[in-house]
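Read through the structures below before going on.
Consider the two complexes below, in which chain A is the common component and chain B and chain C are the respective partners.
What follows is the complex of A and B.
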């Protein structure tokens, strides 16, 4: 038995041709247009609400509040993002591979001198760049309108925190994009892939919280054990990771994450102890969450990669 | 001239329990047009995919233009043009944009790519519709666009998988002209097809696939000799005495059948028209007509599979 042959030539040949083509497709597609309108509307409405409800008098971190202040019937901009980002990411990824398969373009494209690696990574990067482009545009718009209405420029720390927030949001989108692409490799029908992706998303955003409570009650030893288990399980969900990340990034007063400590935090706040953490400390606080989001993205991409390499391309 | 461009040795592909390709030994020389025949599921497409490095052989090896498709697929794929069965394009892009993407994937510089795209579209008669979206194209036009894409690469070898499938007769005939043009340019062509008379018309050699094996290989005449016995058939119409016995005695005659009164078919290993005519006249018959029938691949194919399997093998589509 001969050793497995080593492939020659760069696996990334043709990568940027794929990225350019896919991004052009995304940016001109009708479905992305619809989503962009929704995101834009959300941003406009929540920004308007936030500006109406800004606390009077001088306050620190005004710009960060633009993202987090809500008025009762409507959640804040970050709340909307928790829903919209997975939706956009799934729309960008759910038919990436099976779409090529069904249009019978896959074998033709792979007959060109490129490896499958370049096609898959190119599609993933194109989705991620598109998502980043949309989010950055919205982010800049909110900051810009904020400067216009508030009349003061954001401080360096506000910009840094804002950028971290953007990064966390893109990483959160990366997870859902990776998931949608895994399903697009696994399922031949784009509709199945879309449905599977949305099911996972609904599972994590609706049912996981309930399940976590039940499991923790059943299995946890003592109150402390229950809470610890609940926290651990909850953090398996990308939604929790993202929510905790942006909570600490956008609220410098947050000193610790997790239900038990959140209570302490609220008490502290109640007693008027509100000294903000420096950026480095907030970053330290959310470091595990941020790396968790990025690691999740990489793991999902790797799963899709392995599935795709093993897939037979004939009909 | 006669250097071998495609070679396989004991090439094998197994899907679970099914042997899709079973110890295939194939040699195709430069400039040859090689036809691959066989029922669905006989391993034709799998073989092609292995030659392009798009699927991994379970055992054995292949060389295309001296490169190993498993180890050097990029080298192979930049020199080989492949038209898959049922070729698809991006419907929302124009013909020119589709080809531009292919050119970019091939790493062609922009000015070179633009020139080659225009040339290829011109040659395939698609220049007028170059900027129309492919979604509006007919099947025949898509197929020609597929060939235009192959031409972009200036390939040394062209592999066509069922290129005439689903084309109307006129489009299929045009397609054969295109393949003939490749032959004149000394490009090696591997053609898989069900349309036997077309394969016969353009292929130098033919390989018949059955259940993953290449069961017959050679020129159509060689195949006819193997399967039908006689590669030549002489039809004689002669009024007069029964000639069957006399004809049978001609050296080289394999079989003589009386198809009708005064009408005989002589199967032979060589062209026996002169001998047949002499025998008929010597026997005192009035020779009315004498014709030589070329052996047809259709017959070879039908006879081979009739003899081999009483039931058609299950096809996998």
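What follows is the complex of A and C.
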């Protein structure tokens, strides 16, 4: 048995150089420019609608309502984010590796004292940071315009909930970025990778819901069993996790996600008081969803990493 | 003829002289009513007439020859006190005699003599005043039920009759003396208006309702109430009695008065309760109970309290255990203290927080994912 060769130096050497270069590429690229314009338009329109439809006389969590109030036929800002964030993430990631490969620049990059580890993580982090930058800018814009129009500053809890919402959105984008990078490692053609990523996204956002219902009807035992199985399967979709997280984060009055037990229902019905949950309890409520999103991002990165490490890249 | 004339003259004299002799000559002091009856304390003015019959016009001195002891007498004419009067022949002058009795005069007869002293003639006029003792106004207060019993929140109502036994109509003022904090009001029966004074005709009686409201914090015990009716010099007293039997009053609260607490789902949480007795009698055998959400358990330590004396309190620990599946948020929990027909309950707002165990599990999942990456880096890392 041959002794495993030992690496010299840290596997992450040159990571920040890669991150900086990739971010510069992303931010100057035309496709990011197009996406930014779309996101900006969305934010402006939904914010305008929200400000028009802000219910009068309510003073609680006004700033959170800016994100969630919708007017037909347009969905609320969070509804748009559910579509736009996967799109941005896929656009940022689908050609990150195979693009280099096709331009025959991968060997050149790796001829530098940079490990593959640093290259992959650097590209991933650059995508994530770009996404975070865009989302933070929009978030700040909405809060700023909200202060300007409402004339009151947001409370500490509103800011904290808004930041959690931002974090959940970035984690949600991280999942799709990780998926796109897995496909960009796996498929040599960027178009194939893009198509595969978008297929998965469409599958989860359109078909998974129906499929879950069918599976639960077929396999679940009893109504309670069916509901539980359906909920379990639905939560395998990042869309569900994201929707549930922001529901509880942006609506402090949400006390439970998913169906309630009979006892819980009775308790709430007869003894419960309708009042906003403290931030810590809301966070505890969505903690599984949040950690699911973060862990899913990490796992997808790990898969992409393993695939990339085992790949033959000399061509 | 001469004889006849002298005889006629004689006859005339005989006839006329008696007539001349009978017509009095001199000073006369007179009054139409020389003996009068007067009331106690009354000042009397008697009009006098001084006549001069057949005397030369002269100045007559007038004075009191005799005055009953203590009385003040003054003779006035033309609005002023006078000492002398000028009387023409066959004329008369009016005078007034003002008699003022001393205070505290007794009933009885009093004699006065007025004297007029002219030149060679004089006159005296005795006057007698009988001071009559009069029946004083007299009031009587009566009730059939002078003692009433009730709790501090009762309005004690006494029916009384006030009678004027005197001979005069009297305005009667009503007063009451009650312990501090007691409110006493007088009402005419079948009337709603409060009265503090009322006129009562002689011999008449009025029915009154006396309402006494004790202060809420009045301790159990007997409270005397004195009611007084004052009319002129007459007064009547009536002693009433209100017997307050105490009543316990429970109040459920916490030592700091906050009716909210936090509880962790699935765990036993303690809530310190303070059971107060704000009443006036001790509360005995107090039982504590609650109306918790289904699936919760609430236990009290101790479960019953033997006794709480008035203005005292007992501390109870409530052990609240929300079921472990309880959804986070606020719930209302009603806790009742009950004792011999009285009870009080308080609504507690319980904020249920869920255990952070699942949060730790979530972090564990992320750590495992990071571990997987680390393992992949070490396993697949290339030279």
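Definition applied: the second predicted complex is superposed on the first by the 299 of 315 C-alpha atoms of A that agree within 3 Å, B and C clash if a C-alpha of one lies under 4 Å from a C-alpha of the other, contacts with A are read in each partner's own complex, and residues count from 1 in each chain.
In this section, contacts are C-beta pairs under 8 Å (C-beta built on N, C-alpha and C of every residue); 3 or more make two chains touch, one makes a residue touch a chain.
The shown structure was predicted, so the numbers you read here are calculated from the model rather than taken from an experiment.
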For this session: Report for A:305: first if it touches chain B alone, second if chain C alone, otherwise both or neither.
Result: second
Exercise. With the two structures laid over each other on chain A, which partner does A:21 touch: chain B (first), chain C (second), both, or neither?
Worked result: first
Seminar exercise, completed: Per residue count on chain A, the busier partner among chain B and chain C is C
Exercise. Once the shared chain is lined up, is A:115 touching chain B (first), chain C (second), both, or neither of them?
Worked result: both
Exercise. Of the two partner chains, chain B (first) and chain C (second), which one does A:13 touch, if any: first, second, both, or neither?
Worked result: first
Problem set entry | Shared chain A contacts, counted only where both chain B and chain C touch the same residue | 5-8, 115
Exercise. Taking the complex as given, what residues does chain B use to touch chain A?
Worked result: 45-46, 49, 52, 54-55, 68, 70-75, 77-78, 80, 82, 84, 86-92, 101-102, 104-107, 146, 149, 317
For this session: Please give the residue numbers of chain A that touch chain B in the complex, ascending.
Result: 5-9, 13-14, 17-18, 20-21, 25, 103-105, 107-115, 312-315
Problem set entry | chain C partner contacts - residues on chain A that touch it in the complex | 5-8, 11, 115-117, 255-256, 260-261, 263-264, 266-268, 270-273, 275, 277-278, 280-281, 284-285, 287-288, 290-292, 294-295, 298-299, 301-302, 305-306, 309-310
Seminar exercise, completed: The chain C residues in contact with chain A across the complex are 292-296, 323, 325-333, 349, 351, 353-354, 356, 358-359, 362-363, 365-366, 368-370, 372-373, 376-377, 380-383
